[in-house]
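Going by the order they are written in, the chains are A, B, C and D; count residues from 1 in each one.
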Amino acid sequence: MNTIDAIMTEINQVMKLIDEKQLEEAMPLFQKNKRIFVIGAGRSGFQAKGFAMRLMHIGYTDYVMGETITPSIQKGDTWVAISGSGTTKSIVADTEAAKKIGLDIVVLTSDPESPLAKMADQVIIVPGATKTGAGVQSIQLLSTLFDQTVHITLDTLTLKLAKRDDTSNEAALHAHVNVE
Amino acid sequence: MNTIDAIMTEINQVMKLIDEKQLEEAMPLFQKNKRIFVIGAGRSGFQAKGFAMRLMHIGYTDYVMGETITPSIQKGDTWVAISGSGTTKSIVADTEAAKKIGLDIVVLTSDPESPLAKMADQVIIVPGATKTGAGVQSIQLLSTLFDQTVHITLDTLTLKLAKRDDTSNEAALHAHVNVE
Amino acid sequence: MNTIDAIMTEINQVMKLIDEKQLEEAMPLFQKNKRIFVIGAGRSGFQAKGFAMRLMHIGYTDYVMGETITPSIQKGDTWVAISGSGTTKSIVADTEAAKKIGLDIVVLTSDPESPLAKMADQVIIVPGATKTGAGVQSIQLLSTLFDQTVHITLDTLTLKLAKRDDTSNEAALHAHVNVE
Amino acid sequence: MNTIDAIMTEINQVMKLIDEKQLEEAMPLFQKNKRIFVIGAGRSGFQAKGFAMRLMHIGYTDYVMGETITPSIQKGDTWVAISGSGTTKSIVADTEAAKKIGLDIVVLTSDPESPLAKMADQVIIVPGATKTGAGVQSIQLLSTLFDQTVHITLDTLTLKLAKRDDTSNEAALHAHVNVE
């Protein structure tokens, strides 16, 4: 078996374990009159940013924690935290702060028993292997399998939101940065 | 003379050459119902980001080119480009694109004859030394003197905008990120 | 069919079209005594960064164009450019500059006839749909299918490099940032 | 008095209070065979990045916490933390972690009694006003005066290091990114 096939076998295995109903339960927390803040560290952080970019493309008001124009968070905003292990220190600390302020907390993690998962109003379990050993076993390094499958999971959520809102590809293209 | 004094002598010299009237002429292009896009590369880019962050703190809608949630630009938006030499290739190219789309162009540069300056609807000349040799001579490396003085110039503009808008320090503190 | 299955069908279809031999042909350009520079815009840029991070974890010296400590490029370095359409203006311009300086050019794109592909010393075709319409058709927005499949493709390359170099998961974990 | 003069009066006042000897005492912690990690949040973070970029230009090996290729920290590395108030939660937490691992800690802050200052092996006091009220009083918003004066202070340190190492402007220009 070549390496691509071996990796695709892992990804398919994880994606079969994801409960699409959890995505549907999270959807009411994504509304055009709510502000959405996303947070993630390392490679999970890149997937968080990719999700944030697409949310903007489909018409949401959202921000990435740590970027230049990210404002203060307020009660009623939605908070999306991503961590494979559910234990990344800064993510857990900031999510605690967000919860205390009164945001609605969505968590994507491999580990339903993690501190991050336990703070969630809606958890989405993505059981790809992480660097702490949670999730489906993998031949890949560190939490690569989690990164890959959380990427696809967030894009699934995006597509479901676009369908719910009746947002077309043309509308998204219009919002896409036109100077790059 | 110690090094701090030598550097402060340079900075004071440049700041005396800045025409505060140019800041005042740029102010009408900063309005709360206009979107503002800022762009800069390298250390000028960090000052562009610092300015963008403060604009958000005082109530403006603004974006940094290259960040995650930056949307497409449109006619009527304001574009702020920063380049000491006024020749940084990507900044010049993107400013051309912005001008063509119909944005109002504000340029901060050392060189009034640079390609970037020539595209400006309003130019603000900050004659600190740059890595191409424009501006006041400096004992500091590369375009450090430009970076320092463009930093102070942008903060002067911010303070003048806050005064015009009657925005208090308390309001700015309220907008400042509350989870960091 | 639920949305996850529909998306996985697309991803599996694209990954079957990828020629693992192209990855193997690119591998000689990744060596521990070569510096590697990666570049990408938008969501492709996030995948470029994810790849760069893993290269660091497995012991390579690499840089992301646009980040703070990225130095000047020099003849003999490796340049990795990612663009679904192969036409993103800034990526094409910077890759031209890199080629002129004498870097070895690796390109990941959907379109083998694109300007970017034509500059490559080694091209890796990832035929996921892009926002310009290249690649396998997709129900997903813009170039999402490309982003997903270039993510998996780069991770496949990483795993093959780690195996070639005999780099363990423990070694990668040791390099992974320990304060986050 | 125009606004530029008012701001320059503040900046000159703060810079006169900086003890250049503190910079000189920090210099032994900056060596070409030591790795240097810099950290800062918000506008202090942009000044941290500007400093990191110049350190690279003058031949040091350094990293910005939170960027893509930043590796794990180790005993013997140098850690530079910047916070006006000296209380920014994530900076304090990460500096504690760095201290525990055995890094040499350099702190730039307005407040010598802050938790951050107390962890320093070498503190550099920059008494510009911060958003918590430490430092010299200012007409400017939030911690602007700190940002400006820490910018100049770090550039002073850079110039002193370049002189100590006999690094020319030409050498720095050679290291400066050549594709932007």
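Please note the rule applied: a contact is a pair of C-beta atoms (placed from the backbone, for glycine too) under 8 Å apart; a residue touches a chain by one contact, two chains touch by 3 or more.
Remember, it's a predicted structure, so these values are computed and weren't measured experimentally.
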{"item": "Copies chain A and chain B - rotation angle from C-alpha fit, nearest 5 degrees", "value": "180"}
{"item": "Higher-contact pair (C-beta pairs counted), B-C versus C-D", "value": "C-D"}
{"item": "Chain centre separation (chain C, chain D; CA means) in Å", "value": "34"}
{"item": "Chain B and chain D: spacing of chain centres that average the CA atoms, whole Å", "value": "22"}
{"item": "Of all residues in chain D, the ones touching two or more other chains", "value": "49, 53, 89-90, 176-177"}
{"item": "Complex interface listing, chain A residues touching chain B", "value": "49, 52-53, 55-56, 62-65, 67-73, 94, 97-98, 101, 174-179"}
{"item": "Residues of chain D touching chain B in the complex", "value": "2-4, 7-8, 11-12, 15, 18, 20, 23, 41-43, 46-47, 49-50, 53-54, 57-58, 88-90, 131, 139-142, 144, 147-148, 151-153, 155-156, 158-160, 162, 169, 172-173, 176-177, 180"}
{"item": "Chain C-touching residues of chain B, taken from the complex the two chains share", "value": "66, 89-90, 93"}
